[in-house]
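Take this structure first; my questions come after.
The chains carry the letters A, B, C and D, assigned in the order they are written, with residues numbered from 1 in each.
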Amino acid sequence: MQLEKYKIDEFNHSQQAEHTRKFEFLAEGLPKVEEVLQKLVDFQIAIPSWALGTGGTRFGRFSGGGEPRSLEEKIEDVGLLHALNRSSGAISLHIPWDIPQDYKATKALAAQFGLKFDAVNSNTFQDQADQAKSYKFGSMQHVDRAVRQQAIDHNIEVIKHGVELGSDSLTVWLADGSSFPGQLNFRKAFQNTLECLQEVYAALPDNWKVYVEYKAFEPNFYSTTVGDWGQSLLYANKLGPKAYTLVDLGHHLPNANIEQIVSLLLMEGKLGGFHFNDSKYADDDLTAGSIKPYQLFLIFNELVEGMDARGMNHATDLGWMIDASHNLKDPLEDLLQSVQAIMIAYAQSLMVDRTALNEAQQQNDVARAQEILQDAFRTDVRPLVAEAQMRAGGAVNALQLYRQLKVRENLIQERGLKTVSSGL
Amino acid sequence: MQLEKYKIDEFNHSQQAEHTRKFEFLAEGLPKVEEVLQKLVDFQIAIPSWALGTGGTRFGRFSGGGEPRSLEEKIEDVGLLHALNRSSGAISLHIPWDIPQDYKATKALAAQFGLKFDAVNSNTFQDQADQAKSYKFGSMQHVDRAVRQQAIDHNIEVIKHGVELGSDSLTVWLADGSSFPGQLNFRKAFQNTLECLQEVYAALPDNWKVYVEYKAFEPNFYSTTVGDWGQSLLYANKLGPKAYTLVDLGHHLPNANIEQIVSLLLMEGKLGGFHFNDSKYADDDLTAGSIKPYQLFLIFNELVEGMDARGMNHATDLGWMIDASHNLKDPLEDLLQSVQAIMIAYAQSLMVDRTALNEAQQQNDVARAQEILQDAFRTDVRPLVAEAQMRAGGAVNALQLYRQLKVRENLIQERGLKTVSSGL
Amino acid sequence: MQLEKYKIDEFNHSQQAEHTRKFEFLAEGLPKVEEVLQKLVDFQIAIPSWALGTGGTRFGRFSGGGEPRSLEEKIEDVGLLHALNRSSGAISLHIPWDIPQDYKATKALAAQFGLKFDAVNSNTFQDQADQAKSYKFGSMQHVDRAVRQQAIDHNIEVIKHGVELGSDSLTVWLADGSSFPGQLNFRKAFQNTLECLQEVYAALPDNWKVYVEYKAFEPNFYSTTVGDWGQSLLYANKLGPKAYTLVDLGHHLPNANIEQIVSLLLMEGKLGGFHFNDSKYADDDLTAGSIKPYQLFLIFNELVEGMDARGMNHATDLGWMIDASHNLKDPLEDLLQSVQAIMIAYAQSLMVDRTALNEAQQQNDVARAQEILQDAFRTDVRPLVAEAQMRAGGAVNALQLYRQLKVRENLIQERGLKTVSSGL
Amino acid sequence: MQLEKYKIDEFNHSQQAEHTRKFEFLAEGLPKVEEVLQKLVDFQIAIPSWALGTGGTRFGRFSGGGEPRSLEEKIEDVGLLHALNRSSGAISLHIPWDIPQDYKATKALAAQFGLKFDAVNSNTFQDQADQAKSYKFGSMQHVDRAVRQQAIDHNIEVIKHGVELGSDSLTVWLADGSSFPGQLNFRKAFQNTLECLQEVYAALPDNWKVYVEYKAFEPNFYSTTVGDWGQSLLYANKLGPKAYTLVDLGHHLPNANIEQIVSLLLMEGKLGGFHFNDSKYADDDLTAGSIKPYQLFLIFNELVEGMDARGMNHATDLGWMIDASHNLKDPLEDLLQSVQAIMIAYAQSLMVDRTALNEAQQQNDVARAQEILQDAFRTDVRPLVAEAQMRAGGAVNALQLYRQLKVRENLIQERGLKTVSSGL
C-alpha cells in the first residue's frame, strides 16, 4: 500500500489550527527552538524486519492480518511508517529470515521509501531446516568446534549481505548460556565465544562496527554467556576498536540502573547502540515508553549529556533501533507508538537546562537537580515533536492518520487475513 | 516561623502573568475545569510527624539543621507547608515519639494552622527506654503472652491519644516476622497477631477505622507476619467492617503491580489508605514521584476509577499520607516535592477520558487505551494544580517561595544547626 | 517400551551391598524408620502429559527423539517412569492435547501400569484450529460474553473427560491478563472471571475439587487476572468449599516467601495442590530442586507441619504434580531427577525434629531452630528414598538404570528420531 | 574469657564414638581423604571486628549482652571462636572503630590466640565526631576536592595501621552514589572516585592488595558509584596489578548469577576476596548458608575450579571474610554457624568429581552434570569438616560446645548485660 503525500497534507491541514496553538504556546520562551527541531528531524529510529508481524510467547501466538509476506512487503511497511512519522528511516534485517534475492532491487525499493539499511542481525539461537549442526547447546560457546565454525560462517555471511545492502554494522545477540548448574564451564564458554567473535571481527569491513548485545536471561535460565554490560564490555575491549556494547532495555536484572550503564559505556567510548522496548517483569518486549516513560527519559538524558561531552552526533554515532514483540496490538500501530515515545523522551532530554543542572550538582542541591529534570519531563513536548515531523513531511499525528486511512484494513485486503510474518 | 499571608500574595502577584498564560492555555477546551479545580482544592495529604527531620539508613545519618525539637515545632512545620501549598492540611502523629502533653493546647495550635489530626500510629518495632518487655522477637506475633499484651495496651493507649486529638483512625504497622527459616511457626504467628488485633479492634471507638499495613520485608529478612496485601486482607476480613488494608508504595516485592492491588481492594471495600513515597530497589522511602511517576499516575487512575464506581469521596474516604525518609534533602523541600508529585498524578488521573477508555476496553483496542492514558499523563497539568492551590490561598509555586523566603535559614536561626528530630 | 521387572531386580541386586551399607548407616539411631519409609512409599507425584516431550521458549525449540506420539505412548512413558521409581503413579491430562478416544481402553492401559488419573487441565490460553472465538484478549475475563461462554463450555467438557477417566479434580490456569496499562478494567476482569468460574464450579461432581492456579506474569506482561495467592484465595473463597488454591513454584515475583504462603493457605484450609519445578529468574520451569533445593525443603517442611496440624494425609489430601519444561534434557531423565529431588525434600522434612523445633520457637532460640532444620537438610537421605522405592518394586537408582537400559535409544528406535509431542 | 584446651578435649572425647562412626562411613571409598582434610585444616575465614556485637536495622537495634567493649575484647572473642573451630584464624579491623593504641601489644594479643590480621577496612560512609568535612554527599566521588582529600587521607591512614599490624590488604567499600535522578553526573563521580583510588593505590606497600568492593544499592537508592562487578573491574583494571574486585554475596540485584561473576573475575585474574553472608531480599546480612546453601556451594565450586585452573592456593590467594549483621542471634553463635556453613560448602566443592564433570560438559550431558554437582552437595560432609577441625585442635561441634560451656553467660558476667559493641 502506497501512501500518497496529499493525504498527509490534507490531514495536517485539518489539524493545523490546533497544532499551531499548541506549538506556539510551547515555543514561546523556549531557547533554541530551531536547533531542537533540527535535531528531532535528524533523529531516526530503525525498525527491525521481525517487528512487522505479530509476536507471541511460548504459550501461543494470536496472529493478526495483513502481515508482510516477503522482504519487499516488510520494506513497504517500514516505508509506510516512515512516510507517516518521518522518524523511522531505516530497516534492520535479520538473517536468515530476510535474505535478499536481488540486492539491487531491494536497495532500490528501500531508497524509494527513503530508507537506509541499519545493522544486520545474525541468528544462532534457532536451528534452520537445512542446518548441519544444532545450536541446542549454544553456538559460539559450544564445546564442538564444528558448531562454533558454523556460527562464525553464518555471521560472516550476514556481513556479506549487509555489505551488499549498504549496512555498516552487525548486531550479534547470542542466546548462548546454560539452564542448569554444572552444564557449562563459564570460563571456557567465554573463551570459545571470544575466539569466534574474533574471527567474525576479522571479517568486518574497515568502516563497520560490531555490536555485542548482552542479556541477563532467557532463553537460558541459569547463565548467559554474554550476560551483562560488564561481560559485553570485556568482549568489546578484547575484540578491538570496532566492537561495541549494545544495550537492550529489557535485558537486565530487576531494578538495574540502565542510565548509569549508558553513561559509563559512553565514558569508555564503547556504547554502540540501543534496542528500545519496555518491560515490567523480564524481557517483555512491550511498546517503548508504555511502562516506564521516566526511565526512558532518564536514559536519553544520559545519552544526550554523554554524547555531547564526547562531541558525538546524536543522530548518527549510535545505532537506534526498536526491538519489541507485538502480541496484542497491530504491529504498525505499536511501532508508531514506540517511535513517538522515543521522540518524546529525546525531545524532553533536549529541554533539560544543562547549565543549571551542572550547577545544582556542583552544589549538591539534590532537590533542585530533581526539579530541573522533572521540569523537562513534565513539559508537554508533543507539539515540538509534531512540528519536527511535519517539517520533515510527516503527519502531525501519525497514529491518528494511520487509523483514519484504515491502513490495516487495506493491508488485509491486499495480503489476506491469515498471514504470518517470519521472525519471532 | 510564621508565614505571613502577604508574602504569598506578593509572590503570586509576581508570577501572575506567566501563570495565567499557562493556565488559560491548559483550560481552553478542558471540560469541567471548575469541577476538577474543586477536587484539587479538597484533596489533602497528611504529613507524618517523623518526616520533618532528617532520616537515615543503618549505615548512618547526616543531620540537617533547624529541625523541630518538639511536637509543637512539628505542627508549626506542617503548618508552614500547608500555608505554602494548601494541600497538606493534616498531621499524622506517631506514639511514643509525639505524645501530647496538653491536648487542648495541641489541638488549638493545629487549628491555628488549619490542620487536622490524621491517623495515629503505634510503634511496636522499637524498644523504649522504660519498656518492660522487648520486641526483639516481635510484638503481636510473640510467643510470650506478656509481650503481646504490652503491644495491645500500647495500641489502645495510642487510640486514646487519638481520640483526644480528634483523630479517627489507627495505623498499625507491625515489623513482626522472622529472619531465619525455622524461627517462626507462620500459622501461630498469624493467629497470635490476629488475636491481638482483635483486642485492639474491640477498643476502637464507633467511628474509627484501623488500617493494617503490610510490608514484604525489612526489618525482618525472611518472613513478615503481615507481608502482603493478601495477608492484610485476611486480617481485615477476620477483624470486621472497621478494619482496612493500608498500602505503602515501597512495601512490595520487585515488579509488583500495585495498581491492580488497589483496584481489587477497592472492589472488596477494604482499601483504607495510602502511604506515598517512591523507590527503585526496596523500601527506599524516596520522594513521591521521583523514580516512577507513571506508576503513581496509574495508581491514581485506579483510585479515581474505583472510588467513583463506589460513589466514594476522593478527599475523605481514604487516608492519604506521605511516608518517606529524607536522608539527603531538606525534609520540608522533600515534602513539598512529594505533595506536588501526588497532586500532579491526581490531576492527571482526573484528565483521563473515562468514557473513551471504557469504550476502548470494550473493544479490546489496546493501542487506543494506552493513548488515552498517556494523553492524560503527557499533559502538563502543573498550571491546574497551581491554580487550585492559589485559589485555596497557597503559593503558585510553593517550593520556589520556600527558597525565596529562606525558610530553612530562618528555622536554623530559630532552632539551631545541630537539631535532631525524633523518629526515624 | 515395556520394562521387565527382572531387569530392575538384577540392577538392584548388583547395587545391594553398597545400598545396604548406606541405608544401615542412616537408619541406625533414626526414630520411626518404618513409618517414614511407608510415607515415602505412599507419596506419589503426578506427571503431566505435556512434560513428556521437549519444551521450548519463544525463541525456538530443539526437539528430542523418541517422543510419545499419542496419549497411549504418553501413558506408556509415565508407566515406565513409575516402574523405575514407583513414585510417579499418576498422570495429569491436558485437554485438548490429550482427548481420549476410548475411555475404557485408556483406563485399562493406565491401570496396567499402576497409574491413576490426576487432575485434568483445561486450556484457554491458546486458540485451537476449530475454535469459534479467540482467546487473544483473554478467556474468562473477556469483555465478550460469547468468549466467556466458550471458556466455560470447554472447562465443563474437560470435567466430563475427567469423570470418565476417574479423575476427581480440575486445574484451571488462566493466562488472562493484560500487557498494557489501560487495556483492562481490573475489577470487571475479576468479576467476569469469577462468574465463569462459578458456572464451572456448578458443574463439578460432588467429590471433585477445582484448583485455581495463580501466576505473577507471562504470557501477559502488565497484569494477570489470577495473579497471586491473595487473588486466587479470593476466588476460592467466593466459589465455595470445593475450590482451592494451587501453587506453582515458578509463578511468583522475585524473592517471594512461598513457604509462608503454603503455611497460610493450609491454615485457611484452602491449599489444593502443587506444581513442582524450579527457577532462578521467572517461570523458568527447570527441574525441581535444581536451583533452590533448600527452598524446596522449607516448603515441604511447612507442608508436613501444616498437614499434620490438620490431620491431613500427606499422600492423598493435596494434589502433587510436576510442571516443568524440558528444553535441554531428555524429558524422562528430567522427570526422574525432579521426582527424586521432591522425594528427597519430603524425606528431609520428615526428619525434622518437630518437638525440638517447637521448643526452640517457644524460646526464640533462632540459632537452634536453624540448626534443627539444617540438620535435617544436611542429612543424606538418599538411601532412605532408595529403600522405599525398592520396597515398592522400583530401582535403587532409577536414573542410573534408565541409562543402563538405554531407554531413550529404544524409544527412538520404536518411535523415530523426529517426533514432536503435543503440548508446550 | 579464656577457653582451656582440656575442655575441648573432654568434649571431643565424649563425642568420639559417634564421630568415628560417621567419619569412617564417609571416608570409606572417598578418594584423597587426607588431602581434602589438609585443605580444610588450612582454610581460614576472617572475622570482622564489627560482627562481634549485635547489629541492627534503621528501625532499631536490640542489644545483646556481654559484647566486647574494646579492641582487645574483640580479639579475645575471635580467639574464642578460633579455639573452638580452628577455622577462623584472622580478624579484620575497621578504622576508626578499632584504632589500636599500642600496636605491639595488640599484635601480641592476637598472636596469643593464633590470629592474623586480615584486610583492614576504611570507613567513609559515616561522619565521625571530629571530622572536618561531611560524607553526606559521598566521599571519593564528591564534587568538593577537600572532601575527596579527606577520604584519601583516611584510607592512607588505614593502610598505616594495617602495616603496623602485619595486614597486607585494604578493603575499600564506598557507599558513594545518589538517591535521586539528576543528583550525580555518573561520569564525573566515576572519574573523581578513580583519581582518589589512584592516590590510595600509590600509597600501598609493595606486597599489598587493595580490594574494590561493589554494591548494587543501599545506603544510596538510585545509583552507586561502584555498583556492580563490571564497574569494580573497570576501577581495578585502571588502577593496576595490586587492585582487585571484592565480592560480597549480598551486594547484587535480585537473581544475579554470582558464581558466573566469580568465574569470570578469576579468569581475568582480578578476583580479590569474598564477604560471606546470606540474603533473601537485599543486603540482608544473614548467616552464611542460612537461605541459599546450594548457591554457596555453587560459588565454591567455581572458586575451586577457577583457582585450581590458575594454580592458586585456596587458603591464601584470596581474602575470605564473613560480613554479616547479627540482629537476632548471639553474634558468636551466628559466626560459628556461618563459618561451619562455609566449611561445608568448601568441603562439598572438594568432593566434586571434576574429571567426570568435565566429561559431561564436553558431551553436553546436562542431566549428568547436574547429578555430579548434586551428588557432592547431597553428601553429608559434616564429619569431614569436624575431623579437620578436631585435627587442628578444635571441637567436633563448636556450637554445641559453646553452648555447653555457657560462653555467653560467662561473657555477660565479665562484661555486663548492657554493652554496645562499636560498629554497625
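Definition applied: a residue touches a chain if its C-beta (ideal position, glycine included) is under 8 Å from a C-beta of that chain, and two chains touch if they have at least 3 such contacts.
All values reported here derive from a predicted model rather than from experimental measurement.
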{"item": "Touching both chain B and chain D (chains)", "value": "A, C"}
{"item": "Common touching chains of chain D and chain C", "value": "A, B"}
{"item": "Pair of chains joined by more contacts [C-beta pairs], A-B or B-C", "value": "B-C"}
{"item": "Whole-Å gap separating chain B and chain C, where each centre is the average of the chain's CA atoms", "value": "43"}
{"item": "Where chain A and chain B are represented by their mean Cα positions, the distance between them in whole Å", "value": "39"}
{"item": "Residues of chain C touching at least two other chains", "value": "136-137, 179-181, 183, 216-217, 222, 254-255, 257, 280-281, 287, 290-291, 294, 328-329, 366, 370"}
{"item": "Chain D residues within the chain C interface of the complex", "value": "21, 25, 28, 254-255, 257, 280-281, 287, 289-294, 328-330, 333-334, 337, 344, 366-367, 370-371, 374, 377-380, 382, 399"}
{"item": "Interfacial residue positions of chain A with respect to chain C in the complex", "value": "55-60, 62, 125-127, 134-137, 175, 179-181, 183, 216-219, 221-222, 254, 279-282, 284, 286-287, 290-291, 325, 327-329, 424"}
{"item": "Chain D to chain A touching residues, read off their complex", "value": "136-137, 143, 178-188, 190-191, 216-217, 222-223, 227-231, 233-234, 252-257, 259-260, 263-264, 266-268, 294, 298, 301-302, 305-306, 309, 357-358, 360-362, 364, 366, 369-370, 372-373"}
